[in-house]
C-alpha cells in the first residue's frame, strides 16, 4: 500500500472554497499520514493517494471507497484496534491507529482461535 | 431563531412526540419547517453529523466555508433551507448523529453511538432518501470505482480529488454536475458517457421550459464541460474497469439506443485511475416497509416505492413519506413533497384548518406539477434499459459483500431458486453488511431478464431491523419500559413513562 | 408428469429434505413439494446440534425457565423441563449420524454442511446455575465422560472471550453445530442426485384419500398419484394434516435471533446461558438466540427481544458490545404439546406418515427422522422405536389437559402483561 513518501509528496486536497480544521496526524499501517480535523479517515487516505483500504475474506480482492455514504461497507478498516469500522463515516482523531483490514480482520489481543473445529 | 439542540437524545428513556421526521435532507427539513409553521412541534432525526442529507450535505463543522460559490449551487440551496429551518420557530427539535434502526407501529428505535432509545410518535414523516443504484460490470469492485454520489460528496464536502484522471459514466443530469465538480477540483475528466440520448423534440423542450431554473442549470453545466474540452457522448457506457489493485484503465463503448445492449465490437479502452458511475438511485424503503406501508414497483422512481396520496400519506394512516425515499425525483421535488407532508401533518393534528392547509399546499403542489413535466423528459432519457444487465459476465461480482459471482447466482437459478430470498439462502447473496442494498436491485433485474418476468416478481430481500448499523452494546441499552410489543395484543395506552 | 411417485414429501425444510434424501437413496421414487413460507424454521435456525444440551433443557430451555421463575410460574429450585430419556437417546443417535451424512452429502451434492465439533458450554453465573449443572451431572451417570466441569480459570483458558464473572462452566462434548439451511439445501440436492423430483415454490392444495388410503397429492397445477404422503410441513403441519381429516397438534412457537456482523474467530464452543445462547457459525457471524413466544404466525421481531438478547450477549462475551448487529429475524418452531416430534402413521389411514412437530431440534433429529420414515415406508422395523412419537399418544394423554408446555407459555405471557418486566430487566 502506498503512502506518501518523503520524496513524492502527494496531497489531493482541493484548496479553494473551504478552510480546513486543525491539522492532525493519523497512523496508517504504522506510517504517519497527515490529516485535518473534520475529515473522514477515508478522505484523509484518499488525499494521501491511498485507495486500497482492505482485502476481502473469500478471494483477497482489494477494495476501497465506493458509495461514500456509509452503506456499502467497502471502506472498512481496523481503527483503534476495532475491525469493520467504516472509514467514510469516521472522522480522524489525532493519533488514531488505522490498519488495512484483511478479511474480517482480527481481535486486538486474543491469540488466534485456531483450536476452532475441524469438521467432525 | 430556533433553538436547535445538538446533544444526543437522552438514552434509555421512552419519548412521546406529536411528529417525528426521519431524515434531515431536503424533504425532511421541508416537512419540519411546514409542520412548525403550522404550529406542530416536531423532532427531526438524521444519521449524519449535520443536517442536509446527501444532496445538501454540509462540510464538517470544523471546516470554514471561505467561498460558498466554489461549493456549488446545491450548497446554497441547502443553506437557504437551513435558514428557513432556523426561522421556522422553536418547535423543531433537530437531532443529528442519530440513526433510526427500526419501527414498530408508531414506536421508533434509534441509535446514536452506544446510546439508544425509543420514541413514540403520533405522526411520522419518513424522508429517508435514496442511494446510488448498483450496476455490476467487470471490475466494478476495484478501488477507484466510485458512485456519482460518493464522488460528489468527496469533492464537495471533503474537498479531496478522488483521482487524477477520470471517466464519468451512467445516465442522468447528475453526471454533468459531478463531471464539472471533478474538473473544478483538478481532476482531468476524459469524457462523460451517457447511456441515453436526449430528445430535442419540441414537445420535450416544451416540458422543460416550465422550469427555467433547471434549464439554466443544465445549460451552465453543459457549457462548462464544453469550455473545458470534456466530451459528452450519448448512447455510450462503461463496459469494464481494469487494474491490478486499483483502476488503471476503463473500457467503454456504444450501446444500442433502444435496449442499451453493449456493442462490444466498438469498445475502446482509455487510461484513467478514476471511474465514476451514476445510474440513478434506489429509494431507502426499509422503514416504510417495516411500518407496514404498501409498496409497488415503479421503475422510473427507482424501484419499490410506498404507495402515497397526493398529500404524501402512505397506506398507514399518520405515516407520511416524502422525497427520494418515496420515489427518486431529485431535491427540488423532495422539498415540495416535504412541505406538503408537513402541512398535512399539522392539519391532521388539528392545528391547521383544512381551508388554510389547502391554501398552503397550493404552491408546492403547483411546483410539483411543473417539475413533473421535467421529470417526464428526464425519465425518458434515463430510464434504465434491460441491456445494462448484459454488462456483467459470469465472473462479475454480483454481491460485493459476500463475493458472490453472477455465475453462482445463475447456478442457484438452475437449482430451482425463483426469487431473491431463495438465491440468498443458496449463495449468501444479500447476507453481508449492506443487507442486499448493492445486489438486490441489480439481481432482481438480472433474474427477471432471464425469466422473462418483471423485476417485481423477484420479491425483495425483506428488510429487518436494525436497518442501520447498531452495535450489540447499543441495542442492549434500549431501556424499554413496557413489554407488550404490540404483536397480537392491543397496544398499551400512552403512559407517563419517559 | 403422470408417472406415480412412491412417496410425496410435503415440505422441503430440513425434515422434508432428510426424508426425501434417505428415501431417494434407498431407491424409492420421491417427489418433494416445497412452498417456502416466511418464518420457516430451517432457515431461521441457529443450527445447533445439542442432544445433551436440549434434552437437559439448555439452549432455549434455561432462558425460558428463568423467565418463568421471574414471573412466578415456576419454582426456582426445580430447573427447566427436561425431556424424557426416549428423546435423549433419539437425539444422540441422530447426532451420531451427522459425520457420515456430512461426507455423503459432500459427495452426492458437492456441498459442505459446515459441521463443526464445537461442544456446548453452559455458563454458570450464579448459585442456581451451579446447582442446576451439578444436578445434571449427577442425573446422567452414564454420560459422565461427555460432561466436563470447568473452573472459572479453565473456562477463561478455553474461551478467552468469555466474561470472567463466572462460577464455572459445564461442557457437553459431542454437542456441535452445523449450517442449517445449507444442510437442508444439501439434503434436497442429494435427494435430486438420487433421482428425486423437486417441486419448489409449489403449494400442496389437497390430499386425496380413497377407502382409507392415500391415493394422490394435489398442487395448484398437478395431481401427483402416490401411495404414501409424508407430512413434513413444519409449523404448517396442522394445515396439511387437515387435508386428510387428521388433527396434528402442531402450533408455531416463535423464536427470534440476533445475528452479528461477520467476525474473526471469537468463540470455539457454542455457549448457553440463562440469558441467551451464542454460536459463532463457520462463516464468522455470531448467532444470538432466542425467545419462545406464541404469537401465531407473526414473523416480526420485537424490541424486547432485541434488547434482552443483546444484553445477554454482552454479559457473556463483553467484546460483543462493540460488534455490529447485522440483522434480527424470527422463525416458527413447530411446537407439539409435549415438545417431542410427531412421527409415523396414524390410526385408520393408510399411506399417511407424520414427520413433524420437531420443535427445537429439527436440524438435530433430521437424519434419524429421515431414516426412520423410510424404514416405516418400506414396512421395516425402524432403527429407533417410533412408539413414543406416534400421534396416538395425544389421544391417550387427552385427560391430562393437553399442552403442558403451552400452559406454561401462557402463564408467562400473562405475568409479563401484569408486571413481570423486572424479570426481563434482570436478564439484562
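Note that the chains are named A, B and C in the order they appear, and that numbering of residues resets to 1 at the start of each chain.
As a working rule, a contact is a pair of C-beta atoms (placed from the backbone, for glycine too) under 8 Å apart; a residue touches a chain by one contact, two chains touch by 3 or more.
Everything numeric in this text was worked out from a predicted model, so none of it was measured.
A.B. asks: By C-alpha centroids, what is the most central chain here?
C.D. replies: B
A.B. asks: Identify the chain pair with more contacting C-beta pairs: A-B or A-C.
C.D. replies: Between the two chain pairs, A-B has more contacting C-beta pairs.
A.B. asks: Based only on mean CA positions, could you tell me how far chain A sits from chain C in angstrom?
C.D. replies: Here the centre of chain C sits 42 Å away from the centre of chain A.
A.B. asks: Measure off the straight-line distance from the CA centroid of chain A to the CA centroid of chain B, and report it in whole Å.
C.D. replies: Comparing mean C-alpha positions, chain B is 25 Å from chain A.
A.B. asks: I need the residues of chain C touching at least two other chains; which ones are they?
C.D. replies: Within chain C, the residues that touch at least two other chains are 261-262, 322-324.
A.B. asks: Would you give the residues of chain B that are in contact with at least 2 other chains, written as numbers and ranges?
C.D. replies: Residues 432-433, 469 of chain B touch two or more partner chains.
A.B. asks: Name the residues of chain A that each touch 2 or more other chains.
C.D. replies: In chain A, the residues touching two or more other chains are 57, 84.
A.B. asks: For a test of understanding, state which residues of chain B touch chain A in their complex under the given definition.
C.D. replies: Interface residues on chain B, with respect to chain A: 47, 49, 54, 59-71, 131-132, 141-147, 149-151, 153-155, 158-163, 184-186, 245-246, 400-403, 432-434, 437-438, 469.
A.B. asks: Sort out for me which residues of chain C touch chain B in the complex.
C.D. replies: Listed in rising order, the residues of chain C that touch chain B are 36, 38, 43, 181, 185, 189, 198, 200-201, 258, 260-262, 283, 288, 295-296, 298, 300-307, 310-311, 313-314, 320-329, 416-417, 420-421, 424, 428.
A.B. asks: State the interface residues of chain C toward chain A in the complex, per the touch definition above.
C.D. replies: Going by the criterion above, the answer is residues 98-99, 102, 112, 114-118, 160-161, 176, 261-268, 282, 284, 319, 322-324.
A.B. asks: Can you list the residues on chain A that touch chain C in the complex?
C.D. replies: Checking each residue of chain A against chain C gives 57, 82-84, 103-107, 110-120.
A.B. asks: Please name which positions on chain B make contact with chain C in the complex.
C.D. replies: 102, 104, 107, 109, 114, 118, 415-419, 421-422, 425-426, 428, 432-433, 435, 462, 464-466, 469-473, 475-485, 487-489
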